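This structure is in structure tokens; I'll ask about it shortly.
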């Protein structure tokens, strides 16, 4: 029997109504597990955002504090929930993370049920549009990235495309969009339309053999870190590694991994504009150590700034207020454009509506809490196997 | 009977004079001297409560006693397989209390356990190899020797010991211990499960081995046969020495007969008349 | 054992007409024998024994002979391991209520034969019937439930169960062994009590009562043998097959247990046992069967079989009646070898 | 010389630093160069990227064999109109201002000449939407079957001006064969890779089986020993910049050392306390957890390549391979055969089996049980390290959890062969490797390990003691 | 970091649904291994099937009772399919077969070919299967603080789920207690020790083993349902790691004891959370980066687990004496 009160208004209760001025940022990060490589950049972004906010005077005049936990990956589902409990127990005003769709699926209900808004910086599953009024994301769904990648592939004149994709919610979802786009443009998909490999796969030789045997002009590789061995396996099987297409999960710097020239000419897409060198430098400084991979750093940063602004605008750092004001500060109702917390804070204080234009370059949140418009950056690998920004494609994110 | 000792003392240390504990013991320094051994498997539960035993060069010493008396435990503790809590154990003047079994083997002690005495997933030949582990060079010579005692082992040398019959296992166990040509041999019921002919054969072999200079301690439930070949015998009861004496004397001691030996043989013989 | 029997069977096998004997048909009417004992009197306890003795008196001492009232009949049972034939029994019968000893040199196939009869091993050929029921391809547990219980030569005790629990597992009736009935103690407590009583009585008899709450794994080698046998007796089997039950058992205790075996028969149990202790065989067996190299090579009254030169040669050995402490033994041995 | 060839050659010569594709070349070759400014009307541009103010209709004109068709005039009509000519790579692009339907047309004769199925295509552009802001039009699509939200072409019979000469090569030589043809091509290669993988697996399994065979312990941390080997080789080659061979030797030495240390501080005391193998197994689970995350702590969560380069492959009969793979396979075979000989031919090897059967009796036979077990741990962990190195090279990378993901396969291999038998582990591994690799010929790739495990179950149903296991007698 | 939140979070794990789910799974395993000696290395398979059975029928609109039954029926069918051919295998081989079978279930469940039914690797989202369960709750829609725990009453990781979960655990414990002390349990233990001996005493070993496999499997399936209710059904989250944890829990608590699995589960998760919370709080960012802290947490948990077994091999409640007779 529960001896105690039902405490929708209690101070110790969940982040529901009631005025609250301390903004506690909950962070759910992939610190361990197969996405651990995203950990550094996200932590860096978190630190950078918090220090930027606090340097500008904090939220509602108070410094932002953080409480973090490691969700690990979906293979450690127990860890997902216990991390959430750990963060929730500290009454966060707002939760940033988790990065991957599979983990979001495991945890979003517990968080949003407490009326605490959460924002994922990386969950791109197209099923998540309008998942919950309390669920936001700063990345566009995979349908967008998939379309752009598909168009890039078609434009390059690929005739027979093989897709090496790992069987994961994100992988297969993205694959489906890519396949649909390229097929519409008249490209044959010779491998991988149905076939996917296991995320824990370590031995790629038979997949490489199958891909080679299907005689593709180009191969789209949709995977996380499995890309490294996979590309080498493709190369040894005799597949042309200059005609590979990568996605957000694997478009990263391979200069330390492959011999120079291996990937030269291959392309990749990452949602969001490319993080500027300056921003990257700031992230590294904030993190205190070198960061290899900058994927979703900007998304993390913007997510936190948006939430802080929302609290500031609503005048209270509780979940419901933040949730109500998220769309507004992201510019859904128009307003003065501002590009940093400091600038936006000043605008807010002077009573203006604002439109935060952050590092990601996403548009205001739409009715499904997805960014209404977004950029997909297209990158091209140079002779050092480093992806170089080629161009970005901007556009409206379709609503469901 | 004069040779029998009085009832066991209550404390772990046997306070009786040595000559009473080890009745009929020859003169001189014993080869193996176990004094007041206290040992057990589980902490707090002692199985041996001050058992003592001596073995002199060239002797065959038999141990008999009811089931669960601690005979096997005594042998195991002599061989370092059961932890000795107190008391001490001296072999050829050296203290070997709680010495590791393989060290004892290199000191020339051989042991045939009562149960689980073969390597089931090894072939007979490999079992024999294990017996001669510390002297692999002598393998062929010794193997021929044991095959002369148990010809079946030679015939079946590639059969897995795990598929052998009970008696055949017993042969393997005995043969394995003989492989290393020990100077002290500890036998735990070597005749159990063997056919009468082989039982006799075993006992005779033990005598032969003994004649060749091996000192033997033998635990047996086939007590009559055993005591026939023993120089001396001990009766163990509840982890203590109950009686001791020359083999023949024990065989005829009415108390020993009624308590431990039974008189089935006589009865059957009487019936047969 | 009466004077008369031993006399009539000693010496060369006596050929008594066995014409009227048909396999599977009782030679004597059991009811008639039972009534021989005046009501309420202890004498009943020898009824089965006497009957068996009477019956077997007229049976030929030859391998594979038919017996008046067999409980187990085996035909043409063979079992080969690789190239070796471990068991090759043409015909074998066990007399109901009799105490039959199965002897033979090591590796003769006795244990294998037990395994085959009780379903623990499958023969290459052969058929056998227990109490008229065909047993080929019957699972061991069913064999046991039909009333044919065996023990193992290499003991099988349930190490991490107490001795008492080991015994209780031998009890044939226990409704609480059903999955759902187990949840309602009322349904089985009474039976349990009865079983415990019986088990304790047996343990008492086998000198294990002090150990009853200890784990069976802590028993000494001989005690395990005793437990194994006691457990088999829990179920009041029709036929109990004991595989060297007394190996490693203290002689004094062994002697007292022989009486117990004798008394078993009077409760209607048939006993088949393998044993290498000749005195024991002589003492309690009504009938002795000798196996060698998988075949049944001799059968008969104990006395006659034990004096069979072939048996002596292959099984008992030359030293059977010699004191091994004699130096003559050694000389003999040496002369044999040279 | 075609543009593709130019690109190809330049790449080889390494003349251009980066971004070498069509874009750069088009810049030089474009007929009309206009910066993509706020175009209101449709415009022909060298490359087009959609933005808030413009959409794109673009494509690449090539024939069925991917030969670009240069210099063909394309007409855009619809909401706005414009004309362009394909460049040397066949690329063309229109930037359009208005949303709406656009039709791209080329001369029918060109289409005929190059065997294209259609000469016109109609698409709908919507600046604001990702799927419609850019429409890629390809005339070399197979048949006029597909049609979706994107740009679909419809065949039409309009005439147009003829295009200037480019040779016609109309036959599609590289049409994807059916699955059947693929299987033929893949069979030997996958059999081969299955065997190689089986050998690697065998190397790990034999070590694991050795520990099982001696102590009865199924070690769940064996996978981490494999990972350790790979990671140590990574440290050697990539961090200390040693050549591979000394790095590998160092890794093996470290592997053996860890085996020795863990035996001394963990397993020996546990054995002394007579802790059961089930409990020890839980300890291995704990150890595996600790080691995995220790690796992650030091090396991070990503996959590490032991060697950066991909060796040149060559053809042996129907199989493509490279020398490191062959050498690795050779080393694996030698190591496994060595261990089998050790087990069956040497005194110590026999002793390991004796210890596994009955440690007390082994001691009673004069075997120094502790020493035997120590040696077994060292050999087992050293072999795991060796396999980690070979695996890391063969699989092109090793990460903190590589070993853990292979653990199940090791167990399967060991069980399949028969627990505790040396050659069983090898045969089991080969079967698992081959089945896992070959099964993707017939079943979806993500289920291929299921088939290997199914084989295991089926074999165990037929031979409950594994392939080489021997049945014990009852009674 | 204040000690209070560390303690709160740590103790929160004590009553978490996940803890209960693992306890149920471990109770099932206890029947398999602790009582019968069946080395079931595929308990996660039962859990996954339970979760699938429940979630799929729920998403198809079945009522709660039907769904739970479906989960149980699936577990029973699986146990039969698995058991009939394999129960005669030796323990180590059985371990392998169950491990493989559970992996096969997971691999098939997550394969793209099964997307229609199981959702493939994405699994089944909570909104598709948790609503009916949450609606059943008699508690008011709100959140409640009890002592220092605050959870929502009905939704997701809620009090309602906690109550149901622990009631289930209690029922399972009571059933086990009865079974352990009954002749049925004795036969199972006999089978654990030596099945041939039990056979020779006329008990149908296969039937008993099958009963044990089924009962333990049903507990596993129920555990699976509880496991997915606060999150979602994702095949990968019920992989072999879950089985290993269940084993760890069982042996930590003490096999063949009634409360062992429950205590073990509480201990493991409390330990895990405590270590990680402490690390998060106690190690300054400057020493090692925050994501290394998390790995270090796992390292410590691993080492702690080893130490627990090394220093208390019989488990918290186990009997030291039993260890002396390892089979």
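Per-chain numbering from 1; labels A, B, C, D and E assigned in written order.
In this section, a contact is a pair of C-beta atoms (placed from the backbone, for glycine too) under 8 Å apart; a residue touches a chain by one contact, two chains touch by 3 or more.
These figures come from a predicted structure and were not determined experimentally.
Trainee: Name the most central chain, where centre means the mean of Cα atoms.
Mentor: Taking the mean of C-alpha atoms per chain, the most central one is E.
Trainee: Let me check something: if the centre of a chain is the mean of its CA atoms, which chain is farthest from chain B?
Mentor: A
Trainee: With chain centres taken as the means of their Cα atoms, state the distance from chain A to chain D in Å.
Mentor: 25
Trainee: Please report how many Å separate the Cα centroid of chain B from that of chain E, as a whole number.
Mentor: 51
Trainee: Between chain B and chain D, what is the separation of their C-alpha centroids in Å?
Mentor: 64
Trainee: As a quick test, compute the distance in whole Å between the mean CA positions of chain D and chain E.
Mentor: 34
Trainee: Residues of chain C that contact two or more other chains, please.
Mentor: Only 111, 120, 152-154, 218, 243 qualify.
Trainee: If I count partner chains per residue in chain E, which residues reach a count of at least 2?
Mentor: Residues 107, 110-113, 196, 292, 295, 297-298, 321, 324 of chain E touch two or more partner chains.
Trainee: Using the touch definition from the top, which residues of chain D touch two or more other chains?
Mentor: 293, 296, 444, 446, 449, 473-475
Trainee: Along chain A, where are the residues that touch chain E in the complex?
Mentor: 2-8, 10, 12-14, 29, 31-32, 36, 39-40, 43, 68-70, 72, 74-78, 80-82, 84-86, 89-90, 101-102, 105-107, 109-110, 113-114, 125, 127, 167-169, 171-173, 194-196, 198-199, 287-289
Trainee: Along chain D, where are the residues that touch chain C in the complex?
Mentor: Against chain C, the touching part of chain D is residues 473-475.
Trainee: In the complex formed with chain D, which residues of chain B make contact?
Mentor: 79-81, 100-102, 105-106, 111, 113, 116-122, 126, 129-131, 133-134, 136, 160, 162-163, 176, 180
Trainee: Inside the complex, what are the residues of chain E that reach chain D?
Mentor: 33, 85-86, 88-90, 92-93, 95-97, 99-101, 103-104, 107-108, 110-113, 196, 240, 244, 247-248, 251-252, 255, 292, 295-306, 309-310, 313-314, 323-324, 326
Trainee: Over in the complex, which chain E residues touch chain C? Could you list them?
Mentor: Touch residues, chain E against chain C: 175, 178-179, 182-187, 189-190, 192-194, 196-205, 211, 215, 321-322, 324-325, 327.
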